[in-house]
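One chain, subunit A, appears in both complexes that follow, with subunit B as partner in the first and subunit C in the second.
The block that comes next holds the complex of A and B.
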């Protein structure tokens, strides 16, 4: 008995030591690779990830080598690109779109020594796969507040990419926040079924404007919806998405959600360098600095700006959750009871509209 | 005045804008095919027009110069096609497909530093007072000059093909190049001109996408518009005014499906998204089922190379 315990303890100790040894080893030089879903010049999502990559280079100089591939389609092509990167000596690979989830896990199985970091996904099937995400819906609540107060037609719009939980969070948070400040508000959702197709994004924005919508939020990656809104000559406003999109200030871009990946990338690559790297699942929001609210311009009245900033600050302070009950689902069934806030599990698997939004979610 | 939450006036006004690129490209291809040349590289020429027009407009600050640049870019690429098929007598189908792939790649290379830049704006042509007339205002007077130009080009192509000596020669070359040659016309030179004209119009259509409709540059911005233009030529049975109808039909359905979504239609999005393509296929099937008429209208020498010593 004693001997057995002793052996077990020794084995565990040995295990810890080797594990600890491997961790403490660190690395002299890290090759960090990034897979982008669009071109860096999209001015939005991919641009912002690339800023993060540049920040890593800035922070560690010679100790890191950056490699990236733009416009990688989600699916089989992604798997090929990932395999090539892993074979090409990448130590850590950041896959920066939801659709890379399965390819990332599949390739990670074949390269246990390479670290994989998948953005916005939830699958960590292997010990070398970590996930990271940002609580974009917190930013949507700020935008919804502006939208609800600014709309003159009481029609606000949302350009959806794909009906995945992240987008559903955004739509529902946007609508709930707008409804809170303007009970008459109606939301139109147009599904573009693309992350990046400026012609289609512009057409979607145009269709919304034709329908009388005067505040547009986009969940796609380019600046095309803002360019379309700009044609309306101040009658239609919108928001920068993923990046600040400051070229469209002060109007139609009245505020923005900025994805600030740089601190996370710097931290993770740093951890790999000094040997403290561990598998993780990070989901930070406004409070954690991963979601920044871009400057609210003077195109909105002071009281709107103040209300939006209060929402932002309350969320940062933790006193306000964008999903606070009572909230019912679209079909009238109960979701959150009075005063309850949405558990993360519900948000990560969200596949429904909240009560008041019309239309069906494409399957 | 609304049907299912959609205002038909606004719908017609926006479908006229959405159709300009495919209309111009289809007209260019129509003229090329009337001369007996099948150029499947429309997509490649359009995207070259899109990037060349964009670069010219950004550097000159003038949208008009941009459109000229776009037309030149499209024409320049079409001359590559003309050289390979008319001088070296290569297969037109294969060369056309290669031209598309080449155009997509070359435009991507040229556009490397032009992502995220805003081109100068192309405004409405007519004064605001005219545009505010109900119904007629938005449909007839509310557009930029390219929309009017595209309709003028339809009329011009129709008139030239139907009523002028040039049109007669062009058609003769396309129907029987050997007869035209025997009459003393320089078949390959005429075809070269037709190809360059087709390229210029495709380039103009592409420039409209990058300068007006989107307006910015990204890789693959034409997103298959060139293939639709090719289908419209067949749909129109090589008649200019029918090409206008075809282009408006296609543009109309594209705009309608997004509007239906925004208006909260209960029809699933997937059906709406595929409807333009479905209608195109349906129309092509119907057109060609009436054995003969549509097929008969195709230029007899379409796709055949000509060599005088044969």
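The block that comes next holds the complex of A and C.
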């Protein structure tokens, strides 16, 4: 009955701001809930989030209860799923896709006692909404290095999902790193307009291969691009995306970016248990262990492997930033001066290609 | 040996019994599937069909049923008119998208003006967007005799591309830090379509669905156009002798179903969805085809079918979260419903006979 009143009041537009500090005392048991955009068996993005959820269970055993919902469409349906979870007693809800941003904030307004954690977004409209993301572009710099050195046709490809800043970061970092080791490299980008659709992803990979591309990076969630590359019989290589995708080792999968959400999830749920939880906005990368570079296989020569690992280690050490000037935008205008590194604000709002990439960003 | 024999007239009994039998069969075989997966089938069926209506959180979920059923009913009723006349608009999903884009564009163009006329104007624009998109296959059919099934279906993919362009380009929120998606209508009262009674889930889309259901019923049973629609479906030649103009009927049915789908899109984008985004459409236009047939192309039947379909969605989500069923199992369950519906529907037009002598 209490929950009902609460919901009705909030829906009537009266803000309930009574929960401030209510969690400070810590909790005996936490119900942690996860909303996934794809199936947990996608072998990529959602799979990794689910691994994080399982790690939470592992870390706290009986003190946590895990609940999750797969394949939740981004939009009105997400709002219902979130509300059901909050009503069902979830204490903390992780919403693991960009498109859950507005629903997360809308539901958070109605349940001030429930903590909401939104992955990859920027809106924290209420004190109980935190955001978290990983610097995937750091991993792209490692992949770009491999791509630039490995391509024989000097044509490398990238399967984009949606032209949002996170993806633009990845494309530009990949290209810049490839260009650095191979000035003749050309990048083709195909937009799939989906996060998870194996058929579309395979078509995108095929389109790239037909253009003569022999190294493919994907920013979508399934293993379909690697499966397509495998058909080329060793002539085309690619990378595991979001998850290690080790089934395609040693080739076409020559390395991977692994999203490692487990440390963050364990930390946040732990903070809720011991009463130290606070609203936050986290953006960690290779150094923080959120972005892991999967094993670089023997399908690449030793010097390529060494170069890639050096990029990885330099980024981890903080001596290399994937976006270090001089860098111009595609239209020729200046972006970063000699020696300057990209401020986070520029990266979070990135909506342009860097100089040298051909083609238009879908508008 | 069993043999199918065509009935001289469609069976009235099976016409109405089919949906019921299909639901029962779905429950049975779905339950079997769940049992094989190691979940208690009775708990699943109860979670899907009972809990959203009478369970602990029914106060919230009943409203959500209306949110889900509203657009399904609105679109399905439009489609059913054409289906009755043998005009197959399969592209309601595209018309739904275009209605949402046109309606939203009108609202966003005058942002942040506050005026009572804005929302009604957006409703008109939404209906127009869906209507115009449906006119493409309609006119191609009447002028060049193209197949409206293919053209309307293909236009769904065109509409999705325009939707992507809208959310990353011409309707993008200028204050959205470069992220795709339009402004959220929940922050713009003049253009918003909020719940009419807090917590009820009822917004103008639900009201429109009910009004349209009644209007369609009156049209079909009392109006000359309704008679022409029914006649064209049952006896096209007779219809022509009765002075029915087939081209006019195509334009009318496609236009009506397009406009209703556009309306559904507009109510959705200004209400539950809140904004134009790349993933705005979630398949209402396609699911509505199932709803139309499940409801026997009858307005009252469609209202019931829409609620039933909404129940499988909302309850299915509950079953998936609370009982840890994979989302795919729920989709299989929904697929079964259509499968059994079509399967059992054979009995409306055919009867099973034992063949003599093997």
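Operating definition for what follows: the second predicted complex is superposed on the first by the 339 of 363 C-alpha atoms of A that agree within 3 Å, B and C clash if a C-alpha of one lies under 4 Å from a C-alpha of the other, contacts with A are read in each partner's own complex, and residues count from 1 in each chain.
The working rule: a contact is a pair of C-beta atoms (placed from the backbone, for glycine too) under 8 Å apart; a residue touches a chain by one contact, two chains touch by 3 or more.
Predicted model, so just to flag it, every value in this text is computed and none were measured.
Visitor: If subunit A is used to align the two complexes, do subunit B and subunit C fit next to each other or clash?
Guide: Once both complexes are aligned on subunit A, subunit B and subunit C clash.
Visitor: In the overlaid three-chain picture, which partner chain does A:157 touch, first (subunit B) or second (subunit C), both, or neither?
Guide: Only subunit B is touched by A:157; subunit C is not.
Visitor: Just subunit B (first), just subunit C (second), both, or neither: which does A:360 touch?
Guide: Only subunit B is touched by A:360; subunit C is not.
Visitor: So in the superposed three-chain picture, is A:87 touching just subunit B, just subunit C, both, or none of them (first/second/both/neither)?
Guide: second
Visitor: Can A:348 be said to touch subunit B (first), subunit C (second), both, or neither?
Guide: After superposition on chain A, A:348 lies in contact with subunit C alone.
Visitor: With both complexes superposed on chain A, which partner does A:69 reach: first (subunit B), second (subunit C), both or neither?
Guide: second
Visitor: Does the superposition put A:193 against subunit B (first), subunit C (second), both, or neither?
Guide: both
Visitor: Output check: A:77 vs subunit B and subunit C. Expected answer is one of first, second, both, neither. What do you get?
Guide: Touch partner of A:77: subunit C, not subunit B.
Visitor: Where does A:39 make contact in the superposed view: on subunit B (first), on subunit C (second), on both, or on neither?
Guide: both
Visitor: Which partner does A:106 contact after superposing on A: first (subunit B), second (subunit C), both, neither?
Guide: In the superposition, A:106 contacts subunit C only.
Visitor: Subunit B clashes with which stretch of subunit C: 55-63, 145-153 or 217-225?
Guide: Superposition on chain A puts subunit B right on top of 145-153.
Visitor: Of all the subunit A residues, which ones make contact with subunit B and with subunit C?
Guide: In the superposed arrangement, which is not itself an observed complex, subunit A uses residues 39-40, 71, 193, 362 for both subunit B and subunit C.
Visitor: Help me check something: in the complex, which residues belonging to subunit B touch subunit A?
Guide: Those residues of subunit B that touch subunit A are 5-7, 10-11, 14, 18, 114-116, 118, 209, 213-216, 218-219, 221, 223, 254-255, 258-259, 261-266, 268-270, 273.
Visitor: Within the complex, which stretch of subunit C touches subunit A?
Guide: Where subunit C meets subunit A, its residues are 57, 59-61, 64, 67, 160, 164-165, 168-170, 177-181, 184, 186, 195, 198-199, 268, 271-275, 277-280, 282, 314, 317-318, 320-322, 326-328.
Visitor: Applying the document's contact rule, which stretches of subunit A touch subunit B when the two form their complex?
Guide: For this pair, the touching residues of subunit A are 39-43, 47, 71, 157, 188-191, 193, 196-200, 202-204, 206-208, 210-211, 213, 222-224, 227, 247, 358-360, 362.
Visitor: Please name which positions on subunit A make contact with subunit C in the complex.
Guide: Against subunit C, the touching part of subunit A is residues 4, 7-8, 11-12, 33, 39-40, 67-77, 79-81, 83-85, 87-88, 98-99, 101-102, 106, 122, 162-165, 193, 348-351, 362-363.
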